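One structure, pasted below without further comment.
Labels for the chains are A, B, C and D, by order of writing; each one numbers its residues from 1.
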Amino acid sequence: MHSLIQLSIVVLLLPLLSFVILIFFNRRLPRRGDFLGVGILGTAFAISAYIFWTVIVQTYDPAFKVAWDFTWIDLGKVPGIGPLQIKMGIVIDNLTAIMLAMVTLISLLVHLYSTGYMAGDKNYGRYFAFLGIFTFSMLGIVLSDNLFSIYIFWELVGLSSYLLIGFFFEKDSAADAQKKAFLANRVGDIGMWLGILILYSQFHTFSFDQIYANLAAGKFTMSNAWLTAAGILLFMGCVGKSAQFPLHIWLPDAMEGPTPVSALIHAATMVAAGVYFVARIFVLLTPDALHVIAFIGAFTAFMAATIAITQNDIKRVLAYSTVSQLGYMVLGLGVGAYSAALFHLVTHAFFKACLFLGSGAIIHAMHHEQDMRWMGGLRKHMPWTFATFTLATLALAGLPLTSGFMSKDAILAGAIGFANAEGGGVYYLIPVLGFFSAMLTAFYMGRQIWLVFFGESRTHLKPADNHHSAHHAHGDDHDTHGAHEVHEVSWNMRAPLVILAVLSVFIVYSPNPLDGAEGWFMKMIKTPATVVGPANHNCAVQPVKSAAPLMSEVLPSVAAHGATDSPAEAVSEHGTPKASEHTFADARQAEIAHAAHAAHFPAIYISSIMVVLGISLALVAYVFKIIDPDKTAETIRPLYLFSLNKWYWDEIYEATFIKGSVVLSKMLSWFDTNVIDGIVNGVAFIVKKVAFANNSFDKYVVDGLVNFTAFSVNTTGAVLRKFQTGKVQTYVVMLLVVVFGYFVFYFTRLIY
Amino acid sequence: MSNLTYTVIFYLFAAITVFSAAFVVFSRNVIYSAFSLLFTFFGVAALYVYLSADFIAVTQVVVYVGGILVLLLFGVMFTKSIMNTDLKSDVLHIVPGTLIVAGIIGALLYTFYTTHGWMPSETQLHGSVVERIGFETMSHYVLPFEMVSILLLAALIGAAFLARFDKPDNKKS
Amino acid sequence: MLSLIVFLPIIAGLVILAVPSSQKQIIRIVSLLAALAQGVLAVLIWRAYDPSLPGITAGPGGSPLGSFQFVEKLPWISLKLGGLGSLNIEYFLGVDGISVTMVILTALISAIGVLSSWTIQKQVKGYFILYNLLASAMMGCFVALDFFLFYVFWELMLLPMYFLIGIWGGPNREYAAIKFFLYTLFGSVFMLLVMIGLYFSVIDPVTGNHTFSLVAMANQANYIKTAILGPDNVMWRYVAFSVLFVGFAIKVPMFPFHTWLPDAHVEAPTPISVILAGVLLKLGTYGMMRINFPLFPEVFHASMYVIGIFGAINIIYGAFCALAQQDLKKMVAYSSISHMGYVLLGLAAGNSEGMLGALYQMFNHGTITAMLFLLVGVIYDRAHTRQIDKFGGLASYMPVYAAVVTVAWFASLGLPGLSGFISEAFVFVGAFSSETTRYIAMVSVLGIVFGAAYLLWSLQRMFLGKRKPDAAYDLVVGDDGHEHIHFHDWKGKIDLDGRELVMLVPLVIITIFLGIYPMPIIGMLTSSINKLVEVLSPLAMR
Amino acid sequence: MEHLIPIGLNHYLTISAFLFGFGLFAVMTRKNAIVVLMGVELILNAANINFLAFSKFNGGIAGVMFSLFIIVIAAAEAAIALAIVINIFKIFKSVDVSSIDTMKE
């Protein structure tokens, strides 16, 4: 076993240890054991940092990979298949190392932050336990080398998300939200599970490596549509977890959980797991599946951005912003900008965590006031928070010199390149939606900054009857809000903000603030060669220097045969792609990469313009008040309401799926008790009726006979009873009389 | 022992048996009945000896005289008003009873003396049969033997159960 | 060994018979000791069991007993019937991978049932005598390898069950008991006919006589070609298979025959519900695996699709019905129907993964559903109602109870890391891998979502949020200033008490352990399952 | 007189017939339960004589065995019957069998 594997197992199990200790013993430990959670996570982060150092800094090899597995379930010698084992294992490559470090770092920071934010809660210890199991499951996803264990940890993060969203379970809204989150994730999971089943049914293995090797060797015997379906179904897992349309509805509601949880789970790590998963299965996605993914990502990015501009709850704005950014990542994967999407995943994790923690600091300072309309002027009271929040906002909006700029730009460049490579038309919709969302992002973030930090405090403006229902759980001290002085938060909440803000600066990732591709990240994370579709031909002419070593072995063998399908032809129409500094096994990917490279600067220009446009719009509306936002909202009221009510998705789902299920269940239950049971009881009834008919026959005919018999017996008995004296001797005499009679009969017979 | 002596002794015992049996039945006193029953049993035992069944004879003496008769005597003594009971039953009076019994005895005797061929075999039992009884008991008749022993046990327990005194205040005799 | 484990409870029942009925504690302790001894024996069997021997049938060549273990074989009833030949019934016990897991499950659930029966106050003596009879009969069913013996145990099970529901049940108990009785009797009558038909169709290769031995019956070479259920008589074989299947399906219970289950569960006392759901339902699917399928492999092959469809109906229909229930126990009962659908689906797949998943699901459903019913019993004892809407916010006041409920509920909805997940996963893996049931599996996956829906919804309504205005309990402010919960006429501990924890904690531990490391159970199954699949596969048929 | 000299089967049968007749008479006509019991014993003895006589003159051992069993059973019968009589006496304060008729209806 490689030493890195051993270390990663330690990293994986440490948070579980934290969970087990804290869930059972938190009440017996001093401070409810929070130091234990923080300490264990600190250790885990230290080890992860060492792994990161070893893999990324020391080795610095794009093809780095160590793997280890063990037999989990041994099915013996299965008829028709032969020996079959279900294996579990760990794989460490560059992506894993980066994710490991990122997850443990953010988790550590959130643990630290929570010691301040959650102080005094009655379930304080349990909270840290839940954080522990979440971190464990998330690390499990990151380290898994097969679909089965990824599915296991996938559901486990769903569980921990469920537990943490419903942490304040006395609130009905929190209980609703946790159920909604779990069920929405479940819907996504069954898609993912079906995708896994398609692959398993073909290859009888869950391991990524073996599935890819088999796919590349052309052992997939079902039709290509099934493979596309497998890709899309697996992507459904991502749709659920990363809150993509149409399953995005749970994420904003998930903000009912404690704010650090929102930062950790619902912004930085868990929701990004969907993107991570799609990246893991990227090589088996067919072009058709990728198109679906790209469109869903683009649509989600756009839709969430339009919703975000009208929300008033500070966390909801950030939640929709998260959905929107996740849409970007998915879009990036869909268009083939693999490294860009993952780059955005990492940068987004840091600046969004910073934003959420910052909003948590604000909410904490404002005594659980979450409505931005009643904030304002916090800049002076909370300088640290203001500074970090603003920096993260700039990164989110994608202004140059921030990390967000580089990653978002790379994705958008990829989108343009994709549209060019696919031959335009409807595919241009993707970059257009992307750019438009970028502008909206800048706008709503500008609005938020202004509403929260600038101007004068509007706490007193809050109408007394406009209490957010969710706030009732926190006591009825709203009336005294104005009297409270707003203070900067304590150091343990401030330090995470600063660290995360620092990690949102470009220099951490790339020396060139305009081009992320020059940074270490994009160099370490290369687009892997696809194993499906067009990979089966064209590739022979390309020099094979793929990141996946298995490809170099299997590709020559499959190069000979090749079925042509339309996406491949579409690519070849555009001429043979030139070999760029990236080397791709696959012509389509190479084409997109090349086009994306060409579109790098246009993308920078366009997105910068869009961002500036967005910010200036925000300035115009909220700072200079040239346009009164309220009046504008009045004039375009249907649109405003459409956005404010989140495109009515909740209502639509409520009316269709939820009501439908409930009604259907009522119907089936009725069916069960009345029809099926009715049939059973009916049969019983008929049998009973037959029995009654039989009975009347019985009564008058059969019973008549019986009664007559009884009567005659009765009469006879009455006569014969005279002979029953109860005296033993009478009986003896009768006996003797009979014997005597017999003798008489005997002798008379002798005589005659 | 000469044949004549043999015959005389047989008739003697036969007479003892029959007459004491008659006395048992017709006596007015239960005690007398019981004592004359003693003679009946002895007579029967003697007849058994004549029938080459010496073991059975001994058993007859031991069981009947030593057991059953003593039991009957105890019964007589336990039920103290027994002496006062009129022996005559009102179910059947002496005369018709005598008639029926005489009829049955007559009929039996008539049958005995008119039937021939009672004896299909010419072989007779001679001497003592004790050894054969032992063999037969342990081989051919082992099951009835065991069953009888169980029955006896059950009867003993049952008798003890039936005859026990339920309550102290019921102790009459 | 097996005789001992089968008849231990009956011996305990005889001992109880001698104990005066006023000595309730002694009666309970005797029962508990018997159940624990049974458990110890089960553990011994588990340790001594050799998982490499497959069992199922005596293949060509091998020992006539097959590779069964702990075999006990004695002639039992031997009647000369003149022209009909002679009737040979054997006392034939033995276990293979399929039954040994069920033996362990039965021992476990019996012991927990005894603990759970501690609160029974009415006619304790009669109750425990019947209970022990039931425990013996169940165990006997799982180890009997002679069809006649199996049938005897099968019928023997019915009687105590009828009385246990009919006497110790809820307000509508007579109706439920008679329904249960008639349903199962209906099924077993046909089983009897098929059994006799099989008897006259099968020749024991060793003795040359007709035989009831399931080992001999499972080998198609032993059938007389022209007999009533011989291989030439295709139509009768189909009829016999269907009839036998219905007999077992009633016990499962499968979709159109399931309506006895909710009634029986709602009326039955908690321990009987535990036994009913934990063990009795498994007898249906066990019977299919042991008798129905291996005896008619070609018919099974032809009807896989139908069985799969019924499995899917069970899964989804059960889940929907559970969603609509107001009575918590009824909801759990319907969830049982839904979960047994997974077993049917796995069996219908006909491949190793599916069968393995089905059998593992039987074990897991036994432990999980026992937990569910025990938990329902806990709240019913306290509040005297099971209406879901009569609670709310219990998590704040009964934290331990809420935690155990959460584990049980999540185990039931198939959360990874808990045992239910692995079995469901294998069922789906198997069903999807088989081309026959692929589309059925795709539809059935919806059951996962609806399963989560009804469980989470009930969890929310009962445990989360705040007390509802018409709740079945009051809140009082205690001395320490905190709010406490108060149930009417409940003097005991509000949260789980020691006895309840003793019942629940082992189940929780088993559920978690088998969810993380399933090999202790799966390892015992694999060779038998693989052999069974081989026997069922079309290649093995003549 | 000559047929009286060699003692044959009929002699024994005659004795047994008389014993049987007396026993029957006692059972039928006597009021006292004890005397009834004595009658029963007489009947049994008569039967025993018959068994042994036939056994003697037919040479088989079966009759002997049966008489043995009859004696045993008679002993058991006597014990039980006497116990019943004593019970009856305790309950009815009388051993008059003709007055005990609670079995009537």
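The rule is short, and it goes like this: contacts are C-beta pairs under 8 Å (C-beta built on N, C-alpha and C of every residue); 3 or more make two chains touch, one makes a residue touch a chain.
Values in this document were obtained by computation on a predicted structure and should not be read as measured data.
Can you tell me the least number of steps between subunit B and subunit C, where a step is a move to a chain it touches?
Minimum number of steps from subunit B to subunit C: 2.
In terms of CA centres, which chain lies closest to the overall middle?
Located nearest the centre of all protein C-alpha atoms is chain C.
Measure off the straight-line distance from the CA centroid of subunit C to the CA centroid of subunit D, and report it in whole Å.
66
Between subunit B and subunit D, what's the gap in Å when you average each chain's C-alpha atoms?
6
Please work out the Cα centroid separation of subunit A and subunit D, and write it as a whole number of Å.
That gives a centre separation of 100 Å.
Report, in whole Å, the distance between the mean C-alpha point of subunit A and the mean C-alpha point of subunit B.
About 102 Å separates the centre of subunit A from that of subunit B.
Enumerate the residues of subunit A that touch no fewer than two other chains.
Answer for subunit A, listing residues that touch two or more other chains: 725, 727, 729, 733, 736.
Enumerate the residues of subunit C that touch no fewer than two other chains.
Residue numbers touching two or more other chains: none in subunit C.
Which residues of subunit D are in contact with two or more other chains?
Within subunit D, residues 24, 28-29, 97-98 contact more than one other chain.
According to the definition already given, which pairs of chains are in contact?
A-B, A-C, A-D, B-D
Report the residues of subunit B in contact with subunit A in the complex, numbered from low to high.
89, 91-92, 100, 103-104, 107, 110
Along subunit D, where are the residues that touch subunit B in the complex?
Result: residues 4-5, 7, 9-15, 17-26, 28-32, 34-35, 37-39, 41-42, 45, 48-49, 52-61, 64-65, 67-69, 71-80, 82-87, 89-90, 93-98 of subunit D touch subunit B.
Mind listing the subunit B positions that touch subunit D in their complex?
Contacts found on subunit B: 3-4, 6-7, 10-11, 14, 17-18, 21-22, 24-25, 30, 33-34, 37, 40-41, 44, 47-48, 50-53, 55-56, 59-60, 63-64, 67-68, 71-72, 74-76, 78-79, 81-82, 85-94, 97-98, 100-102, 104-105, 108-109, 112-113, 118-125, 129, 132-133, 136-137, 141, 144, 148, 151-152, 155-156, 158-163, 170, 172-173.
Which of the residues in subunit A come into contact with subunit B in the complex?
Touching subunit B from subunit A are residues 725, 727, 729-730, 733, 736-737, 739-740, 743, 747.
Please output the residues of subunit A touching subunit D within their complex, sorted ascending.
Touch residues, subunit A against subunit D: 721, 724-729, 732-733, 736.
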